[in-house]
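Below, chain A partners chain B and then partners chain C, in two separate complexes.
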Partner chain A sequence: MVGSDVFRAKFFSLYLPLTLYLVFLLFPFYWMLIVSFKPTNDLFDMKFSPFWIQQFTLENYLYLFQNTDFITWLKNTLIVSIVSTILSLVCSIFIGYALARLRFPGSNFLGLGIFLAYLVPPTLLFLPLAQVISELGLNNTYWALILTYPTQLIPFASWLLMGYFRTIPKEIEESAMADGCSRIQILFRMVLPLSVPGLLSAGIFCFTLCWNEFLYALIFMSSGSMKTIPVGTVSDLIKADTLFWGALMASAVLGSFPIAFIYSFFVKHYVSGLTAGAVKG
Partner chain B sequence: MKSHPKKGKERVKLSRRDFLMAGAAGLGVAAMGGLLPDMLLAAKAPAFKKGTKLSILQGSYFIAPSQDLYKRQAQEWGEANGVEMSCDFLNWPDLQPKIAASVQAGGYDIVELWGGWNYLYKDNLVELGDIAEAFGKRNGGWERYVELSYKVGNRCLGVPHGYSNGSMAYRISWFKEAGCPNAEDGNKIDLTWDEYFAIGKKCKANGHPFGQALGHSTGDPPGYCYPYMWAHGAMEVEKDGKTIAFNKPQFVEGMRKFIEGWKDAYDETGTSWDDSNNNRAYLSGQISSTFNGSSIYFTAKKNQPEIAADTHHILIPKGPAGRFYWLDTRTFAILKNSKNVPAAKEYLKWWFEDKQFGDWWRSQEGYMLQPVKKYYTDPVWFKDPKMAPFREQPKYGQNMGFAGPPNEKAAMAWSKYIVVDTFAKAVQGGDAKQAIEWGAEQLKRIYGR
Partner chain C sequence: MAANARLKSFSMRDFFDRERNLGIMLFMAYPFFLGIWLSLTDSMIGRAGQFIGLRNFVDLLTDTIFHQTAKNTFIYALVTVPFKAMLGLGLALILNRHMRFSSPVRAAVMMPWIVPTALSSLGWFMIFDPVFSPISWLFRNMGLISKNINFLGDPILAISSVCWANIWRGVPFFGITILAGLQSVPQELHEAAAIDGASVWHRFRHVTIPSIKGVVLIASLLSIIWTFADFQLIYILTKGGPANETHIFGTYTYQIGLQATEIGMGAAISLYMFPILAVFAILLLIYLRKEQ
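Showing the complex of A and B:
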């Protein structure tokens, strides 16, 4: 039968590879989830299959909420991520638009310089930045991260937005200009409403990076309860060579949730924002 | 003393002599009752200017109550002296970048330094010889491993407080099954590396291999590989700190035996293990013996008492050149850029007094090795015979970089895992000579600078 042949061909060329890929991608999350719901003793008991839950427990989540400052870490991470993302997006919109549309001497050089800044690894930057943060008296405050995260976020977001702005036909802006719009008015009334997918992808990129960032959060803001989720999780749930696996995984599950939630809502826009400008029309 | 009967609300009058006599008597009673020091402490006005803050950074404790005790002690001193104290405890691998940032830009007054870091930051640390020497002298002198490493040249840049190290944990029943004599009492077992591998071979044949982390991890891999290297006559460098002494025939022979032992006795996935993997493997019954701190035993006592009952420790095996432990001194040091050096010094002086240090050290129940000889005979060591092998470790302790000084070059070789990688390359490639030649070349690049 022709139909069954088509299905067989599709099964082997499409569904099977996709399923395998899906298993490969989702397995870490599955592992994280089941470990977080297992009692500690079951984790070390080789009699049980490690891939299933023998005995369901919420003790790891309770431990997280009762014995650590997880709620405070969550609050800290949210504040830092949201404010840094907004700050970076605002700066990147102006930079991206200027690089995409304005002609001024050294614009190419400036664009390249911004991109090169993105290539400097944080492991090289953290010591000089520590000096700056200390001089400004911002150690162990939210501002320490809110001001340092954009050093990594703005270059990438600017380039991403620059690519997106270039996909918007110039003619729209020229018509607006003919009707008397200023550059700023064009940016806010024409360009930004047309760039929602680009803004969303830049925003999600910035937020994810802030949410997961470890080194700066460790160096600039990790005293007392001023910890973000990544730093708090490893400093309070790893004691010497002993890891509290259940609670670690519970923290990872809860820490991944906001990012997964955001992605699930905006995934379409995110993809279109990232791929805009990839093909010139 | 004359009596002064009260008349209504008439004030009681004291002559100057009465006052002095009464005061002297009161002080005498208080002193006899042991109250004097407390009274003086309580009566003492805050010794430091208002708003003084001390920030302390150290690695997180495996024994959680000891961490809480340290915080309470710091708080107690802070309240008595009008100083606001804050203590931070970080995951071990994260300690060094945080300290590096503090050295550069401030943030902490007192930091915990691990082996070699006092050399690394020697220009940024306050001299603490007076506190350290008084502490050492009062407690019977330093243990050998501390003596060898707590100073940078003649300068004492931190006060040593011990070291947490590993030993060989093993399953009693599986060692018995493999025919190990005295398996039920690790204190009666004294093995050579060859004998240890031979037991491992039998254990593996019975389905219970040994396990050893050989990945890039700060504790167990170097804690195992350095002693094996020293026990087979090799060192990173000679005493001059320059001449590489790694590629020695005896070590090549020892490495051949190790390659064989790895195949016959060990779980061969250990090349990718870190400090935590062998804990997990041991507690899940996957392996029968491993080099580890007492954390395995303590965790088992808490969560898996049947495994704790079946666990004992033995001293690390000896080789042709003897028995060695890789021990480094951990110190509490004060950063020069601290704005509160006098308060930090006073705090450390107080904390290293017998009461505070003794309480803290004892609360670790043997997890922390003693830095001073007095604690070798402390009752803590006799509470649980299974912990006794840890008590003996300081006798065999050598520092990284031995026979040279435990300086910044030794710290660099350690942080690049050259010795550990030599072992990993040997078992992966199967060529002992080639792996050791590679290691010697890498060491030359560091020590030859």
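Showing the complex of A and C:
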């Protein structure tokens, strides 16, 4: 009897609200997933419940691979995301370490500047940036995104890494320095190996931000063969009269999957990274 | 001491020279000043304009679509925050409990926040569709409505729908941030309060709430700044429609600056965001200082 009371208390205080939250937060993904596995005709059949699959099909995914440029979008997204992430991480390691450890003229100002740059939204700058990119002739090249994404990523990653570097005891570095290590050696041989979780979260963050970015990619990569997954899906699969709902949802599912996959493995680092950098920074 | 002195005297120029960080600043600063310049001209895309002073800014003050845009942006960024914060707090309190499968559950509830907004918005696009909406289907089958709801076609419903999707996307961010705050509350504090006879509600009110107040405020300010300058969710769901009823600064800038090619006017629209964003950014800075 006692056991069932405990269960009932736990049911109402934990499992029931948790279930409601899960339904609220996951329903759109469930919807996208089932629509992507339905034949188009089933969508129009209002007799059946739309919340379940009557007839399972992969035709939407086949359509996506055979009749659209999805593979090209995937390739573009990967190239841009990986290069921007690596570039931003390398810069951010130096900036974050300098902010965490070094006192130099203007270091406070630089810290403030980095933080403010993190808050500057793309919508504030995209018109002038569009003009710069087109004057440099970079429209529809990878460079357009590889050069602009780090302006968003570096402030953020530096901030996060700074928080991480500060958690490493200074004394270790001081004694290494007394033993004759240079700053660079300390950074690469001691600080970085100790900061692997921080680097991992910064890297995942950067990669995710690149993968998810929409506005710059929409403006700078308008040509068919240079689109990223979000832009390609939105601009090529939504056509005025005929909506390929199945293919649209299939593309959204495939485009979301890598990010969802990465996060389900690194959710712990995500939380600790957030505490180390963003919140307590 | 000696090491400390060396720490201080070490010049960082060896591997991180000023020019390089100046370069990063410039890459942000140059477009900003170019934006200010553009906003003071009547430039069109592909045609350099004449200097016209503040005329773009003055013209916008009498533009009714711009008024609507400003109003929408405030609703979209500010009115949604209490909902995100409350739902986020609830989520954090649940996630903070001991349960089985806590890792997969945390990963699952994070999805709305981490998945590309452009793609999850497509899910909402179909959920709000006048023909295929599952909500309409459900209500119709329950006999509540006789005709499908046109979520994105009616002005009031459209702004409510985009706010709903916006809240949906923001709840996990608040949840995980508040959870981080909850986990930094020393367990001893709760235990001490419990021994002193404080009820669950009292402990929540006097131990939990004070210790997460700061985190909630920071999350709210960040959320306001981000949502204020949002673009993709509205661009995909309504493109600012119906009849410009759901435009926010980002989408209206895009429409005027790129689609109508009035890049000078567009720059002026986006610059109207600047003082408002600056106020929230300064509040955030003041608060972060105080927290430290």
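The rule is short, and it goes like this: the second predicted complex is superposed on the first by the 272 of 281 C-alpha atoms of A that agree within 3 Å, B and C clash if a C-alpha of one lies under 4 Å from a C-alpha of the other, contacts with A are read in each partner's own complex, and residues count from 1 in each chain.
Everything that follows uses one rule, which is that a residue touches a chain if its C-beta (ideal position, glycine included) is under 8 Å from a C-beta of that chain, and two chains touch if they have at least 3 such contacts.
Quick caveat, the model's predicted, so the values are computed rather than measured.
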{"item": "Clash or fit, chain B versus chain C on superposed chain A", "value": "clash"}
{"item": "Chain B versus chain C as contact partner of A:Trp31, first or second or both or neither", "value": "second"}
{"item": "Partner chain in contact with A:Met221 - chain B first, chain C second, else both or neither", "value": "neither"}
{"item": "Touching partner for A:Asn139 - first (chain B), second (chain C), both, neither", "value": "first"}
{"item": "Partner chain(s) touched by A:Leu74 [first = chain B, second = chain C, both, neither]", "value": "neither"}
{"item": "First, second, both or neither for A:Ala202, with chain B first and chain C second", "value": "neither"}
{"item": "First (chain B), second (chain C), both or neither touched by A:Gln131", "value": "both"}
{"item": "Partner chain(s) touched by A:Met46 [first = chain B, second = chain C, both, neither]", "value": "both"}
{"item": "Touching partner for A:Val234 - first (chain B), second (chain C), both, neither", "value": "both"}
{"item": "Greater residue coverage of chain A in the superposed arrangement, chain B or chain C", "value": "C"}
{"item": "Chain B and chain C contact sites that coincide on chain A, given as residue numbers", "value": "43, 46, 126-127, 130-131, 215, 219, 234, 245"}
{"item": "Complex interface listing, chain C residues touching chain A", "value": "2-4, 6-8, 10-12, 14-16, 20-21, 24-25, 27-28, 30-32, 34-35, 38, 90-91, 94, 97, 99, 103-112, 114-120, 122-124, 126-127, 132, 134, 137, 168, 171-172, 176-177, 179-181, 183-184, 215, 218, 225-226, 228-232, 235-236, 249-250, 253-254, 257-258, 263, 266-267, 270-271, 273-274, 277, 281, 284-285, 288"}
{"item": "In the complex, chain A residues that touch chain C", "value": "14, 17-18, 21-22, 24-26, 28-29, 31-32, 35, 43, 46, 49-51, 91, 94-95, 98, 101-104, 110, 112-113, 115-117, 119-132, 147, 151, 154, 174-175, 177-178, 183-184, 208, 211-212, 214-215, 219, 229-231, 233-234, 245, 248-249, 251-252, 255-256, 259-260, 263-264, 267-268, 270-271, 274-275, 278-279, 281"}
{"item": "For the chain A and chain B complex, residues of the former touching the latter", "value": "40-41, 43-46, 126-127, 130-131, 133-135, 139-140, 215, 218-219, 222-224, 234-236, 238-243, 245"}
{"item": "Footprint of chain A on chain B - complex, ascending", "value": "55, 59-62, 64, 86, 88-92, 94, 97-98, 100-101, 104-107, 164, 219-220, 275-276, 279-280, 283-286, 292-293, 295, 299, 303-304"}
